[in-house]
Each structure stands twice: as C-alpha cells, then as structure tokens.
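The chains carry the letters A, B, C and D, assigned in the order they are written, with residues numbered from 1 in each.
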C-alpha cells in the first residue's frame, strides 16, 4: 500500500478504502481461468492482485501489486481510439460503429451482416480499423501510443514487450481472419500484415496499474492531459467514456454497467481501466478471467470500490 | 411554455434553456416516419413537439405540447421493471438478461440462441417476461402500473387507452410470436393471451410529457418516490438507470449514449423519458421516428439539452 | 412378414431383402430418444420397428409392425404440398422457398432474415404456409388430406387422432410462435388459430407403414395416383422429390442424401416415407430418434435397403 | 457443333438435342453479371456459350464454344474432394460436414457457429480444408489435381493459369479470412499461406467444356475412371453425387435440384459440371452469373437438356 503528494487526511481515507477493496476481493483471488491463446501470457498467476487510483489532480494511491507491469492488451484500444479521434475527429465513425456488439468479442457474424463495418472500436475488428487509421495518420501506430503513454506517466521506459507481441502474432489466426475480412470489404487502408503487426505490438505494451491509472486520467479530466494541455474535446472525452461504458467489457458490458456503473475497458491479461468522470481514473489487475474474458477479481474490486465510495455515473 | 413552484431566477433560467432546445429542434420537426404497425397511432402529426423537465424537488417546466397526452408505449417498460424489482428483487434476473441486444428490438434471433431468456427487459420479449412476472406478483400488471403512475403524478385519470390497446392487439402478431416463443422455453408463468393483454394495455397508457417526467422522478432521486417513500433501493435505481443507458433506445443505445450520454427509454409513439441522476427527469415527445424507432426531434432535443446544461453522466 | 398380389419369385426376393433389412437394424432398436414435446406420443416404445414397400404397380410387402398405425406427423407435409401444388401450381412458391434451411427445423432465425418467407415447405413455418394455402383452396385442409389418403389406401377409416391433435395443440407454443411470426409479415391468409388447428390435425393422422407406402406411390409413379389418374405433372412430381431429398429430413438432409441417397420425409413419431422414382415407395417406422429428429432405426433400414438393392438416385 | 466416335444414329440424335438446347438459351445469353472480384476474369464475354456431353462410354459431343478453355474455379472442388476421399476415405468427414450451408458461399457465420468445421466441402471454407488434407496426403495438392485431369482428358497441357491464380491471390482477402478462421480452430494441418496458394492454383486450372465433361465421367460411371480403373468406390461416387446435388450450386442448391434435378457443381467463371449417373457427364459454360453466383445460361441449358431428355435423378 502506498501513495504520494496527498494531504494526510485524504491519504488515510483513500488508503482505508483501498484496503477494504483488497479485503473484499480476497475470496475470489485464484478463481477463473488464465487464457491460453497467447502462450506468453498463459503462465500468469491468478492470485496476483493490484489496484491503483489516480485522482484528477494526478495523485496515485495503490494496493497490492499496483507497481508490477503486465500486458495491457485490449486496454490499449482506449488510447488508439483517443489518438485517432484527436487527429481525425468524427471521420473515424464512418468506418467503425458505436453500438454494443451483443456477441462475443471477436465475432465475425455481425461484421458480415454489417458489410465490414465493425460494431464498435473495442471489439477486435473495430480496434484493427482504428489501428489502421492511426497508422495512416502517424506512420507508426504503436509508436504513437507508446509516446503518449510515456509522456502521460512520465516514464520513458514504457514499451511493447516483443516476446508477448511475437507470441500473439504466432497465435493470431483469429485476428488475421478479422483483418482480412475487414480488408475484403475495403475497410483497411494499409496492408493487412502491417496493421496486424502494429495491433499486436500496442496490445503487448507492458504497464503497471499506477501507470495505466495515470494514462487514463485525461478521460476523468474531460479530455485534458496531465500537463494541462487538451488531448480531445470535452465532448469527445464524454463520448469515449460512453463507448467504454456500453462496449468496454466485451459482451458483458450491460452486466458491468448494471453492477459497477462506470466507463471501463478490460484486457485479456486481467487489467481493467475504469473512469469516474471528474473524480479519478482507476486500474485494477488480476489475471483470472470469467467466461466473458473479464478479470473476476477486477470486477469485484471495482464493484466494491464504487459501492464504498458511492461513485457511479448513475 | 410554463412552469410552477420555482424561484424566479431558476424559472427564468430553465425557461431560457427550454426555449433554446425548442429552437434547436425546429429544423427536424416533421421529418422521420410515423409507424403504421399500430393503426390507432398512425395518424399522429410528426410536427408536434413537447418537452418537460421535472427537478428532483418536484418542480416541472415545459415547452411546446408538454401537457398533451400521447401513448407511452415502451416507456411503460421502465415502470413494469421498477415495480417487478420492487416486489421481487434480484429474482427477476434469472428470467431476463441485462445485455444490449445488438439487433433490432423485436428480434427473435438472440432469443433463440439464448434459449428463451430475453437479452434485456426493454426488448419486447424481455418486457413480456417482466409483465408476466408482475402479473404473477400483483394479479393485475396493467393496474399496478396505472396505480403507480396516478399516485406519482397526482393525476387519478391516467389510464390505458382501450382503442389503442385493441388496435395494438389486433396487429400484434409479432408480439404474439415472441410470447409463444418465450413460453415454448417455459419462461412464462401465465397464459400467453393474458400476458399479451396486460402488455398491450400498459403500453397504451396515455400520459403527457409533464406526467412522464414526474413519474420517472424516482430514478433521478436514487429510488425515492415523490412523497419521500422509497420505491427501490439506491442500488436498484442505479441499476435501472444502467439498463436504460445500455438498452433503452433499441439498437441505437450505443449511439444515444455517445451523443446524449444519459439513461433514457424511448417509445414508438415518439416519447422519450430521460434521467439525469441527482438532478432531474425529462420527457420529450415528437412522433417522427428514425429507422431505429426513436423520435428524431426527441433525440435532438435531449442532445441540445445536455449540451446546453453540460449535464451528462460522463 | 407378409405380401400380396406378387409373383412367387419376386415375393420371395423381396421377402428376403426385407428380412435382411430387419436383421440389419436389430442392433440399433431401442436407441435414441422418444420426443416428449407432444405428451400423447411420449410413451411410444423405441423397440418397435416396421417397414413396408409398395411397388409402382401397387403391391405391398412388409416386415415387423408394418400394419400398426402411428402418428404420421411431418410426413403429412408431403401430402399438403402435393395437394396445394395440384390446385395452385407454381403460385405457391412466391410464399415459400425451396432451399435447405441449414438450421434446425423450427428455427425462427432464417424466417426473420428472409422476411417471413419460410425456406422450404417442410420446415414447420413453411408447412404452416402450405396448410394455410390449402385451407384457402379447399376450405378444409385436414379433410382434403384425409380424403386423399383414404382413397389412395382404399381405407376409409384413416383419420386424424383427436387426442394426439389436442395434446400437440396444448404444447404448441413453438408452432404458434412460428404462425404468428409468419402472419406478422402478411404471409398467412387465414386466422392463425385456424391454420394451427388444421396443421396439428393433419399431423395427427394415424397410418401404418403399409398405408403410407401406398399413399406415397404417386411420387414413385411420376405423379400418377394408384387409380391411374394424374395428381400432379411429371415435372411437379420430380420437383416434390427434389424438395424431399434436399429438405425432407430436417437439417440432416445432406447427411441423409449422402448416406441413403433417395427422396424422403421423416416425422417426429419415428416414421420416414422414402421414394425410389420409377420403382417403389417405402415407409419405415421406429420411434427412437437421433438428435436431428430422425428415426435412428428408420435411417439404418433405408441405408440397408438401398445398399442391398443398389437403388439410389445417384 | 461437333462429335466423335459415335454411331450415326446416336450422333444425329445427340446433335439435335444439343442444337435445341443452344437454341433454348439464346434468349438469356448476355444477361447476368461477370464477377469483378478476380480482375483476370472480369473481362469475360457474357455472350459466350459452350456445352459438351461425355457419355459413360467416353464419347463427347458439343455445341458452341465447347473446346475453348476457361477457368474451372470451384468446379475443381469436385476433383480435390474425390482425390482426398480416394486417399483418405471417411476420415475427411471429421473435418468438414456434408450439409447444405443455407447461407451464401463464403459465409463465416455458420463456420463460427460450428467451431471451425465447415458445413460442406464445396463452400470455400470446406474446400480449403479439403485442399489442406490433399496437400498433406500428396505434398502437392494442385499438382495432384492437374495430373488427374491430364490423364482423364488425355491432354497433358492442362495446367493452372498463373495469371489468374496471382490475380485471385491478390484479391483473396475473403479466402484468407476463411483460412485463418478455420486455422484458429485448429482445423488446418499446413500453413495458411501454403493452403491458400494451392487453393487458388487449382481453382485457376483452365479447361474446356469437353475436357471437364470427360474429367467428371468417373462420377457418371459410379467411380470408375476412363481407363477402367477405379478411383473411388461405388458408394463414394454416389456420395459425391449426393453432396453435389445438395451443396453444389452455392445457396441455390434447392432451387437447382428442384428445377434441374441432377448433381452439379458450378464455378464463378461460369462453368457448371453436371452428372447423370449411369448415362453421361456434361459441362456447360457461359460467364453471365445470377445473384447466387451460378451461370444463368448454364442453368437454363441444363434445364433444357434434362427436360428434352427426360433424364433426372428424380
């Protein structure tokens, strides 16, 4: 347990909440399954748990393994989306929708019914389209994400883990199928192989809960970066939060909104980034997943946190 | 334009906002289509527009045809859901899910894939299950809804319009198909005909924007009714709001959350009930619908209102 | 084992084949499940087996319980289809397709995708449309089928079993859902309740293997009835056989064509009517069903019969 | 118009039938669309028409452009299937089904529902699995097909057209998506790129109607090759014919069976190979396609041919 730069009273209060959250999840630690589709991630320990909270002022508090790095995986989709919107505005939405998918996160069914326009930017097909757009706009999609994260966390060594990226690429037939399928409808601008390469690499970025909470802070600050400059408009920040709430936890988004009630984006390595607009950004991490692909202890922790604080968007 | 019981300054401020909203939607009035599947509703004038706002303290302000009654249709699903939860708590969720449907609002596809468990309580199949449960719990589902609405609006003449209900029943093959299909999986407790009867009758309840805004007030007050008594727990109120945000506007819920960013439930006669937790409940009405079945002017009005006030959950 | 009106040599030959078929299926008798969705049929004995062959000349040979009556169920769809085509010709095909369904036999999915036009006349939705058309054309769809069957078998007591029909109607939510769904697209001419009534009654007609083999003889005789008069054109007889081959055994039609290779129509009470054009019509009956809804011993018997005789359409 | 090696009377008779067929299709020549997904094929002339009939004895008669070569495309799937069955027998059917697909020929929907087991060997996904198996069994799938075709037609220059294969590979995102998707379920034995390479090359084999009719003769001869040796068992020949009838013309197989009533396999360059067991094999070619992807004039020709000859399997 730790903190920095906070007033003594708040420090104690937050510490107490985080301790209670950690206590609340103890019973579910170790449950769930660690996914085996990416061999480099399959050896994760489902008993690990970390949680960090970054206030809108930039303070960070944490509990458990909140400073240990893990693979951010699909949480990276929040950052590619924000960067693509920053550079491209509304144009992106002609190529990807904003509706919940209603089916599992890498489904091809809806993609076919909707002629290659993925339902939203957080299912894999949609994230591939966003990566493709960011690649066109920047020439280096993964590099653009890394640069943003390094600046936001003031941590220049944040980088993609090449071993994880290679492992994912080697076992990436599903993503290759999605990318080729989207390409068959003319909805990719760059060669399939290049898009897949940037995609697996930004998914393989390694960060800690503390770093992810800080990096997500712009969404709690209505679009403003940690240095006070604006990344996206207030309206776009609200919109990204809306997409996170309705689509951020695969096809359990409705359940998550019902139970936790805040915008969030989960990753297959067990991380979840959550936003409480105007208050704070949080990141929780625990590798055991439920059958929808979300961290069991992570959801339990966010549930406990929002219940203890009374912070929900509803 | 009108108001009541408010301080002069607030009155003027609210009046100004409502006037500006009414101005903002003028350009889209008359566009869209008036649905023809229920003959008794097919003659509605798409140029009509009304908007009412009820503060959590119980004041109501309005603009346009805010006191004219219309058929609440699917907005009634919010009240059947709340009343079933009030009486039955979590038990309801074994029979209906909480996930966005991802397909059009009366789709049988997902119902089949999920073995008769509707995706959420706001698609027609799910609302039939909720009506069935409320019928079992109260013996008179439509009557229970009418009683609640009359009390909440202090308006004893609120009632189902029998002509609309009959018209809907006569043209209700789709709903009959859904009800029999759900029944074929053993997910109805009452005879199909009786469930359909109560369903079309509570959908045919006639109310004004002012009355609907007042009736939805308990969701803005975290579960507390207008008289100060509690209808549902704070947690359940939050959950109903979450279901409204993710599922309340058919398969445009993601788009609506993105654009407007508040919990809402639309009806096929052109009404939309929206909730801004802790602040107010609103009802807007205009019969011209977009191709997803939501009021075009209604969405535009809520968009303008949230933009002008800065009130969004995100 | 029995026969009639045959030359001694043929009689002996056919008897030998039928005996060998009966021997071949002995091992699978009693396997499979007896469906429980129609209570009046749920008590059938899965060890029962009967097989009858009617030559194009009108001779009948049989083995096992070939003279015991059972519920013809979906086999009735062959006769409603032939009678509707006799009276209406090609017009029928604007309301029902001729493609295999690719999904289970009472699926609503394809029905929705194809706007209320059932894929083929042998899935339940399609058979309801055919019954509806025959009802319009004759005023008494079930009566028309009964009259045809009585004449063709020279057996005036053939009739619908009212107990089975009632049992099926009481547990017929799935069919009611299908009928209302088709009606919601405007594809029924008669009231839903009346169509369902005639449908369950013609499905509940009780016949023996011998009678069904005789009744299906017109399809082996290229459209000519037992008395030499023509029921349907040679071309239409060929077409009905084609629809049987591609759609007659639910979503196992491809497997059946591959394994047995003759036009056939199965029923949920364990009967299968098969046609070998120019040679004979057969009916086999055994109540134990596989997971696609076809009689296990029935398919095994037809497989053995076609293998022993070398009679296949391919 | 031409023929060879036939008795004078038969020669005249067959010539007369083929002339009448050619006359019957004249009205539809030039209609339909020439597919543009493979640029090298997009310039075909939809007015071209050829038809060849090969008797089981090996005589060939033809009309129109029956000696001009075209790209056999999906017709190659008949030969890969036969060769895989020859070498592997029933084992193949654990990796690919035998049911009609019910949806369009390159659909991913059913593939997903059925966990990577394609519905049948003639949809693209299924053909990729067959090619993969043949590649494992022979080390050179395309070469094995070429060798078989050369021998059967006594025509050593039959070969894949490299320009067509390259063009198809460059525009093959849909097939790449299917192959990666099947691979993601573990249903490919060889690298995706190698399977795709052999697949596009055997599809790009160029043959004339005369050659294809001869090459398909083993299916009319119940499994026996032109030189009298057996390729597949009588039973397997019957089964391949059954799969052709139920699955050979994409999702128009039911319509084709109904209208024409013989096993057939169509290709996107406008060819159709048809089998009349015990009598003859036919190939027709005309590039204008209907919206299901089958040659319009080709189907009309087979319809006329079976009507004139009275040859149908039903």
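Here is the rule we use: contacts are C-beta pairs under 8 Å (C-beta built on N, C-alpha and C of every residue); 3 or more make two chains touch, one makes a residue touch a chain.
Predicted, not measured: the structure shown is a model, and the values here were computed from it.
Colleague: Most remote chain relative to subunit B, going by C-alpha centroids?
Modeller: The chain farthest from subunit B, judged by C-alpha centres, is D.
Colleague: Distance from the CA centroid of subunit A to that of subunit B, rounded to the nearest Å?
Modeller: Going by mean C-alpha positions, subunit A sits 32 Å from subunit B.
Colleague: Averaging only over C-alpha atoms, locate the centres of subunit B and subunit D and give their separation in whole Å.
Modeller: Result: the chain centres lie 56 Å from each other.
Colleague: How many angstrom between the C-alpha centroids of subunit C and subunit B?
Modeller: Chain centroid spacing, subunit B to subunit C, equals 48 Å.
Colleague: Given which chains touch which, is the overall layout a line, a ring, a star, complete, or other?
Modeller: Topology of the interface graph: a ring, with each chain touching two neighbours.
Colleague: Which residues of subunit D touch subunit A in their complex?
Modeller: Subunit D residues touching subunit A: 107-109, 111-112, 173-174, 176-181, 183-184, 192.
Colleague: Residue numbers of subunit C touching subunit D in their complex, please.
Modeller: Spelled out, the residues of subunit C in touch with subunit D are 97-103, 110, 119-120, 235, 237-239, 241-243, 245-247, 251-255, 257-259, 261, 263, 277, 307, 312-314.
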